[in-house]
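Have a look at these structures, which come just after this line.
In the two assemblies presented below, subunit A is common to both, partnered first by subunit B and then by subunit C.
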Partner chain A sequence: MNGLLDVADLRVEFGRHRAPALRGVSFSLQAGQRLGLIGESGSGKTVTALAVMGLLPETARVSGSVRLDGRELVGLPDAQFSDLRGVAMGMVFQEPMTALDPTMRVGRQVAEVALLRGRATRGDTRTNVLQLLTRVGFVDPERIADAYPHQLSGGQRQRVVLAMAVFNRPGLIICDEPTTALDVTVQARVLDLLDEILGESGAACLFISHDLAVVSRVCSHAMVMLDGDVVESGPVSQIFAAPRHPYTQGLVATARLDLVTPGERLPTIEDYFRREDFR
Partner chain B sequence: MATVRAVAVRLAVLVGSLLVASFVVFAVCQALPGDVAQQILGEQATPEAVDALRQRLGLDRPFLVRYAAWVGGMLSGDFGSSYLTGVPVGDLIWPRVAVSAWLIGLALLLTPLVALPLGLVAAVWRRHWQGFVATAASQVGMAIPAFWTGLMLVSVFSIRLGWLPANGYVAFAADPAGWASHLVLPVASLTIVQAAMLTRYVRSAFVEVLTEDYFRTARAIGWRRIPGLLRHGLRNVALSVLTVLGLQLAATVVGAIVIESVFTLPGLGSLLLTAVGQRDLQVVQGTVMLLVVTVLVINALVDVSYQVLDPRVRTGDLR
Partner chain C sequence: MNPASRSPVAPVTALLEARGVTRRYGDGRRRVDALRRVDLAVPPGARIGIVGESGSGKSTLVRLLAALDRPTSGETLFRGRRTSGVPERGLADLRSSVQLVFQDPRSSLDPRMTVGRIVTEPLRSRRLRHRGDVPSPSADRLQEVLAGVGLAPELAHRYPHELSGGQRQRVAIARALAPDPEVLIADEPVSALDVAVRAHVLNLLADLVRARGLTLVFVSHDLAVVRLLCDTVVVMKDGVIVEQGSMEEVYDRPRDPYTAALLAAVPRLRS
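On to the complex of A and B.
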C-alpha cells in the first residue's frame, strides 16, 4: 500500500477502563481520492480524523501506523507535526459557530495560515486573503475580512474555515461533519463549494459524516464505521447498491426515502441491525 | 454608541457605590462606642466641659448634617482634622500615600507577571511534573499568610544573608537604591500570596482555551501549542485575569496594611492601624474612604476595559 495516506491497524484508547475508541482501523487514500467515513456518533470517525491530524488529547494512547506520503505520523513530536498541519493537511470542523477565535478579525485569522509559514509579507497576505475569500464565494471579501466571527452566519464562518484549510493547498483535507450544523440550503451550497475546491486543487479528502446522502454527493469511496471498527468499505455506488453488513443495510434504507411508500412508517437502522446480536 | 452608553452607565454606578460606601464608612465610625470629647478630656472632666467641647467640634449637630459636612469637605480636598491632635487628616494621609501606592502598585504589577507564566506552565503540562510543581507552588503560596511570608523572607534575606534591610523606608527622591532595597521584601511578600491565587485562575483560563474549538482550529492550521495559546488564548485569559485582579485589589490593600506593619513602612496601613488603636475616628474615616475610593475606581476601570478587550462586548451584540 503506497497511497497518500496509509492507515494500518490504528488503535486509540482513552484510559484502561474504557472501551477502545478505535480497534485497529486500516485504510488507504490515494492522492486526489475522496473517502467518506460514515457512522453514528461514538463510532470513531472523529477520533480517526484527529489521530491523522495529531490533535488527539494527551490522554489518548495511539498505536498502529499512520503514514502520510510514506512518513510515519504516530509518535511524531508535536513540533514536527505542527509543521505538517495547514501545509500537508488541513481540517474543517463540525461546529462553525465556535471554530474561530471570537476576539480576532476574520481576515487576520485567515492570514495566520500564511504568516505561520513565515514566507509572506503582510501586504501580500492581505491580497491573498481577499482573493481566497472571493474564491470561497464571498462577494464582499473586504467586509468579511474586517468582521469578527460573531458578525457572520454559520455558513459564512464555515466557508472561512474552509478557506483557512485550503490556503496552503494541502494534499489532504479532512472534513469532520462540515455541514451538519448548517441548515439544508446552506449545506448544499457549502458542499458544492467543497466539491469545486477539491476538484480544482486535486486534494484528497477524508470526509466524515453520519449522512450517507451527503457522502455520496462528495465522495467516490466510503467506509462504514461501527464501535471503533470498519465494518464495510468500497465505492459509494457499490455500498448503496449492495450493502453487505446489516448496519450498512440499515443506513442505506434510511437514506433512500424515495423508496418509502407514502403512509408507511419510515425505516430505522434498528429494523436491520441490533447491536445485541453482534456482542 | 453602545460603548459610550455602557461607560456612562458604569460611571453612574461608580458614583452611586461611592455614596453608599461613604455613608457606610461614616455610619460605622459614628456607631463605634466611646465619646470622642470624653476621651480627649479624660475621665475626670466635668459634663459641662465635655458638652462645650462637643459643641466646638460640631459633634452635637444631627448625624446627616455631620455626614454632609464630611462628604462636602472631602470633595474640596479637606478630610477634616484629627480630634486628638488637631492635625488636618490630609496632612497625615498625603505624605504616606506614596509609600502605600508604591507597595500596592508594584505588587499588583508583578502579580500577573508571575502568575501568567506559572499558570501557563500549570495548564499546558497539567499531566506532567512541571505542571504539578507549578500547581503545588500556587497551593502553598495561597495557604501561607502574607505576614508569615514576610517574616520568613526577613529571616533569610535580612538576618541570615544580610542582603536587604528588614524594615524602614527611604524616599525614592532621597536615595533610589535605598528605596528599592527597602521595598523588595514587602513587595515580594505581598506579591507571592496574590500571584499564587491568580495562578489558579490563569491556569483554569488556559485549560479552558486548550479545550476550545477555536484553539483546535489554530492547531489545525499549524500553530504549536504554546505560541498558539499565547496568540489565541492570551486575550481570553486577560479577561479573567483582569476580573480576578480587580477583586484581588481589595485583598491586596488589606494585605498591604499588614505588610506595612511587619516591615514598619510609614504608609496608609500603619497610619490606619495607629489611628484605630487611638480611636482617632477622623483619621480612620479619611484613610478608609481613600482606600475604598481607590478600589472602587480601579474596579470601574477594569469593567470599562472589557469594552476594549472583547469585541463581542464592544459591539454590544454578545451572543
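On to the complex of A and C.
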C-alpha cells in the first residue's frame, strides 16, 4: 500500500465494556481519489474520520496504522497533529458554526488558516482571502470578509468553511456530512462547488455521509461500514448498481425512493439482511 | 388546463382551513412575514404534503392550523369553526381531534416520563377528555397503541433516552394516535432518522393513515418522501404557496420554476 492515505487494521475502543467502535478497518486512498464512507449512525464512519484527523477523545484506545504520505499518524503527539490539520488536511463538518468563531469576522478567520503555514504576510493574505471567497462563489467577497458568521446563511457559512479547508492546498480534504444540515437547493450548490474545487486542486477526499445519493454525486469510490466493520468497498458504479453484500443491497434499496410506487410498501434493510446473522 | 382540476379544495367543508393568514414576527426594520395571506383547505381524508425549504413558512402554517400559534391577520378554522382568536377552553374539539408528530422526538418527549406515561398522557388530559369517545388511559389502550406502532409491550417501562431514534419516533406516533385523532400533522417526522429507520417509519405512517382513515398533513423539505405518502402537495417559498395540486401532476409536471428547481435539486442515486 502506497497511497496518499493508508489505513491498516485500525481498531478503536472506548472503554472495555463497550463494543469496539472500529474492528480492524483497512483502506487506501490514492492522490486525487474520492472515497465515500457510508453507514448508519454508530457504524464507525465518523470515528474513522476522527482517527485520521487525530481528533479522537483521549479515552479512545487506538491500534493499527494510519499513514498520510507515508507518515504514521497513530500515536502522533497532539502538537504535531495540529500542524497537519488545515495544512496537510482540510476539514468540513456538518455544522459550519462548530468550525467558525462567532466573535471573529469571516475574513480574519480565513486568513488565520493561511497563517497556519507561518509564511504568509498580512497584506497578501487579504488579497488571497478575497480571491478565495470569490472562488467559492461569493460575488461580494469584501462584504462577506467583513461579516460575522451569524450574519451569513447556512450555505454561505459552509462555503466559507470550504474556502478555509482548501486554502493551504492540502492533499486530503475530509468532509463529514457537509451538506446534511442544508436545504436541498443549497446542498446541490455546495456539492457542485465541492466537486469543482476538488477537480481543480486535485485533492483527495474522504467523504462521510449516510446519504447514498450524495456520495454517488461526489465520489468515485465508496466503502460501506456496519458496526465498526467494512462490509463492502469498490467503485461507486459497482457498489450502487450491483451491490454484493446483503446489507449494501438493503441500503441501496431503501435509498431508491424514486423506484417505489406510491401506496406500495418501501423496501427495508431487513428484507435483505438480518443483523443477527452478521458476524 | 382547467385550474380547478388541480385545486385540492373539495366541495365539502374543510376539516382544517387557513383563510388569508399572515404571521409577522418582530417589527420595524426587523419585521419578517413568515406567512403572507395564505389560503389552504384540508378536506376530510386528504393526505396533503407541505413542501418547502427552511424559512418557507411551512412549519408556521401547520402551527397556525393546529392553533399552537395565532395569525397576525386572517383566520384559521376547524370543521368550519374559528380556532384563531379563541381562548384555549374553546379548542377542546381541535385538541382531541388533531395530533402532531415533530422532527426530533428527543425534544418532544419528556425525558422524565416512562414510555407508558408519555403515550397515555393525552388520554388523562381533562381538556382532551371533553370529547366523549376519547379512549380511557387504561393498560389495555396502552398495549393496543404500542402494538399499533410496532413497539414491544415491555418498552412501556423504559425512558426515552433508553430507546433508539426510530423507537422514539414510534413513541411520538403512538402518543399522537392514542386519543384516536381524525387528523395527524407530521412536521419533518423522518428527517432526523437514518435511511434504514426512515423506511420503517414511513411504512408505519402509511399503514396507520390507511387503516384508520386519518387525514394527514405531512410537512417536509423532501419531495421524494412526500410523493410516497400524499395525494396532494402544496409547495411553499418565502411565506407564500407557489404551487399546489395533485401529487402526481406536480411531481411529473411542475408548473412553477421553484418547484422544478426543488425537484432537480433532490440528489438521486447515480448507478
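Just so we're on the same page, the second predicted complex is superposed on the first by the 274 of 279 C-alpha atoms of A that agree within 3 Å, B and C clash if a C-alpha of one lies under 4 Å from a C-alpha of the other, contacts with A are read in each partner's own complex, and residues count from 1 in each chain.
Rule of thumb we're sticking to: a contact is a pair of C-beta atoms (placed from the backbone, for glycine too) under 8 Å apart; a residue touches a chain by one contact, two chains touch by 3 or more.
Source: prediction; values computed, not measured.
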Let's test your reading of the overlay: on subunit A, do subunit B and subunit C clash or fit side by side? fit
After lining up the shared chain so the two structures overlap, which partner does A:V106 touch, if you call subunit B first and subunit C second: first, second, both or neither? neither
Quick one: is A:V129 in contact with subunit B, with subunit C, with both, or with neither? Answer first, second, both or neither. neither
With both complexes superposed on chain A, which partner does A:L194 reach: first (subunit B), second (subunit C), both or neither? neither
Go through the superposed model and pick first if A:P267 touches only subunit B, second if only subunit C, both, or neither. second
On the chain A superposition, what angle, as a multiple of 10 degrees, is formed at subunit A by the C-alpha centres of subunit B and subunit C? 80
Just subunit B (first), just subunit C (second), both, or neither: which does A:C219 touch? neither
Identify the partner contact of A:L251: answer first if only subunit B is touched, second if only subunit C is, both if each is, neither if none is. second
For A:L55, is the partner it touches subunit B (first), subunit C (second), both, or none of the two (neither)? first
Check the residue A:V236 against both partner chains and state whether it touches subunit B (first), subunit C (second), both, or neither. second
By how many Å are the closest C-alpha atoms of subunit B and subunit C apart after the superposition? 10
List the residues of subunit A that touch subunit B in one complex and subunit C in the other. none
Sort out for me which residues of subunit A touch subunit B in the complex. 53, 55, 58-59, 78-79, 82-87, 90-91, 93, 95, 98-104, 112-113, 116-117, 148, 150-151, 161, 164-165, 167
Contact set on subunit A toward subunit C in their complex: 40-41, 154, 183-188, 191, 210-214, 216-217, 236-237, 240-241, 250-252, 254-258, 260, 262-263, 265-269
Can you check the complex and tell me which residues of subunit B touch subunit A? 127, 212-214, 216-225, 231-232, 235-236, 309-312, 315, 317-319
Subunit C residues touching subunit A in their complex are 53-54, 165, 194-200, 202-203, 206, 221-222, 224-225, 227-229, 247, 261-262, 264-271
